């Protein structure tokens, strides 16, 4: 039927030849130090209770009616890469608590419903969970989802711990217990100021603060608000803003933005990007043979930074936790780091603990502390948490400020020798910021 | 050459052909006449394998081709210039003619078929790169005839070749058909234009309501009062 | 903001090269939409699958990326044939095929998430420098940088679109495909076997997704939602280029991406995708005018 004419054959031969030619100039090289090896390097850790006020009685399996914690997470759709991570931590914490004998001898159970990255589904998921009479709830991932879930959760009188609520300025109420604390102020207009100040302080600590900066920000509520505060802080410190562009969420082609940055050649590139934006921006830099003098990235997917390899060295990243002392050197952190690396690696997720996984654990620590100290009742948990501080893997938190954000725990991390380490503020830093644009 | 025996074709419940039998001798031209809806097009489609047959037989030189697929027609030496011409309008004249030689059997039989068609229709040689959709109706009919002729078919089926053409063009088309008929080709001509069709046919069949109601030589039918009154509107 | 002519040239070049990749993806869509009447959204998913398969073969078996084509191209050909055969079996109407391919489009995203995780996968760190280090145009030319990967995209697009265009216009099978689209019944009486030809076209179109997928895996980090980002440019390029015209789709994709990139150089980048649809809107709005003009010219010529 299909008559291959002679020219067609010639074309095929030509393409094969071209393929071989290209093969000759490039191929595949295997990393000598793969992530697998680094996971294997994580030292074994002893099982300890996940929170301060809890005993870990290993070997006595919990019995009786389980305590069910329900949650909605984006297990599919665009937010799935991070949503899955939070599901992973939830499973891990539940196993952890049960390995330690449960809560009051009762087993903990995690009940998750997929919201397909759609806020409307988050609302109905929590209505369903509350209708199913779950004992407690855990917040979803992301600002829009958190707000979407807040309605039914608050009306039903449940405590609402959240790991990474990206919309801190939208008031939820006294039942909201954020792990990723930002603000620590009473004025919702100034929620991002502390975080911006931390970045400015970090840059100034180097002795070489940037004289010029270029901002590229994804159209995403958190990144935009934060960008606004950073622009104001840097301008206040005398930095010239060479450019300030926004791009659509999910943009993969950064070539024009890269060229604009190359044109301006600023001391600091500020990428208010999330997920894979940083990979795509570097791809565009590569294409034009440009290397930024220095770069700060607000919410990158950890795997995206890791995949940049050597190019990421020196990159600054917004963070609340990295696996370095002092925060990473507690028995709880050590156990979590080890346990998380194992489950995450099995499911092909980024196997090291950083902001998202740590915030997720911290949210669970808040809820578990409320349950063990306040009692197995939402009103009691809410009352206790509002009156006390909670020790978590990301630091000691309280719920006194606007929207229950007691302090600001935003920190600056830097990739140094291929590893992420907190460099600012000094009390949590594992290394000094290396900055000389 | 072509023999049709008791052919029955149904469209759902309705019978379109109710036992049609006819015979076209090799090298002759037969016309199939009848008013609109008499079943001419259905019969043509059935002959070309484009319409499933309920019962009956179609024999080509004694071989039963009733169930052979439409795509086998070129191998059997059949070609058609269909009603409404149905050219590939977004393609050039030359490409339309080339498609007449798509089947390997057609190419084996007639490797110089395109030249043959261009000789027969000199105007097409000048227009060979023109898109068919931009041509006049008469020119399109030339291409349709050419596309059928390039494969030097043994049996050529012409379905309403004069339909929708201006009288002067109709005359040209029939002149061409006459030229073709004079060669060693068997032609089955389905036409409403009885005068010209019967005028150049050795034999004719009158189809009405899915049945052959009359048959005879072209001259006989032209003289027949019944045909004249029924189909020519002459009193 | 002032922009040097060099920066503009660079941005246009980058756009053109990325347009080549989108043109390669649009190739299969254009052929299937134009010639088989199937607006095949699944083609985008196949491209994604091709990218992930390339990723797995390269990272796990350490195959050369080009060698993966030896597996993916035949495999995708079979998939393309299979999907089209399904349409034949159920005698699917265009709207049904649209629904089915759209359903497959959605399902593939979930399946890819399940198999490869929703996380970002990047082949780049594994590639030799020869692939990733930009080369600068030699001296008399402007000092523009080009990524070797983009050259691969260019070569693949040129080869595939060139071959497809040549095959459609100038081979017997290609003429048969065109004829089949315009009048399948008559084409059949000329000896065109519609079903095998349809299956072959569908298979070949799917096979191009394997090649485009390989380029994607070399060119950008992979996430299961990538096709959602391509769909705008690819569909608009397919329509602008004229359904069934691979060369038109390639040219349209290149021009679209150049416009998008140039736009982003001066205006807010977040509106760049809207520019694509703006061009489509203008094109559709102007179509009656161009048709009128064309008719005037044609009637003037034939009169």
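In this document, chain identifiers A, B and C correspond to the written order of the chains, with residue numbering beginning at 1 in each.
The criterion applied here is as follows: contacts are C-beta pairs under 8 Å (C-beta built on N, C-alpha and C of every residue); 3 or more make two chains touch, one makes a residue touch a chain.
Since the structure is predicted, the reported quantities are computational estimates derived from the model, not experimental observations.
Remark: the per-chain Cα centre closest to the mean position of all protein Cα atoms belongs to C.
Sorting all chain pairs by how many C-beta pairs they have in contact places A-C at the top. For the pair chain A and chain C, the distance between C-alpha centroids works out to 34 Å. Chain centres here are Cα means. That of chain A falls 75 Å from that of chain B. For the pair chain B and chain C, the distance between mean C-alpha positions equals 43 Å. Among the residues of chain A, none is found touching two or more other chains.
Counting only residues that touch two or more partner chains, chain C has 172, 193. Those residues of chain A lying in contact with chain C across their complex are 1-3, 5, 7-8, 11-12, 14-15, 18-20, 22-23, 25-31, 76-78, 80-81, 83-84, 219, 243, 245-248, 250-253, 255-257, 259-260, 262-263, 275-276, 279-280, 283-284, 286-289, 301, 303-304, 307-309, 347-350. Against chain C, in their complex, chain B makes its touches with residues 48-50, 69-75, 79-80, 82, 86, 88-91, 95, 98-100, 102-106, 134, 136, 147.
Touching chain B in their complex are the following residues of chain C: 172, 175-176, 178-179, 182-183, 185-194, 298, 302. Contact residues of chain C toward chain A in the complex are 1, 3-4, 7, 10-11, 14-15, 18, 58, 62-67, 69, 109-110, 113, 116-120, 122, 124-134, 136, 145-148, 150-152, 155, 159, 162-163, 166-167, 170-173, 193, 196-197, 200, 219-221, 223-226, 228-229, 257, 260-265, 268-270, 272-273.
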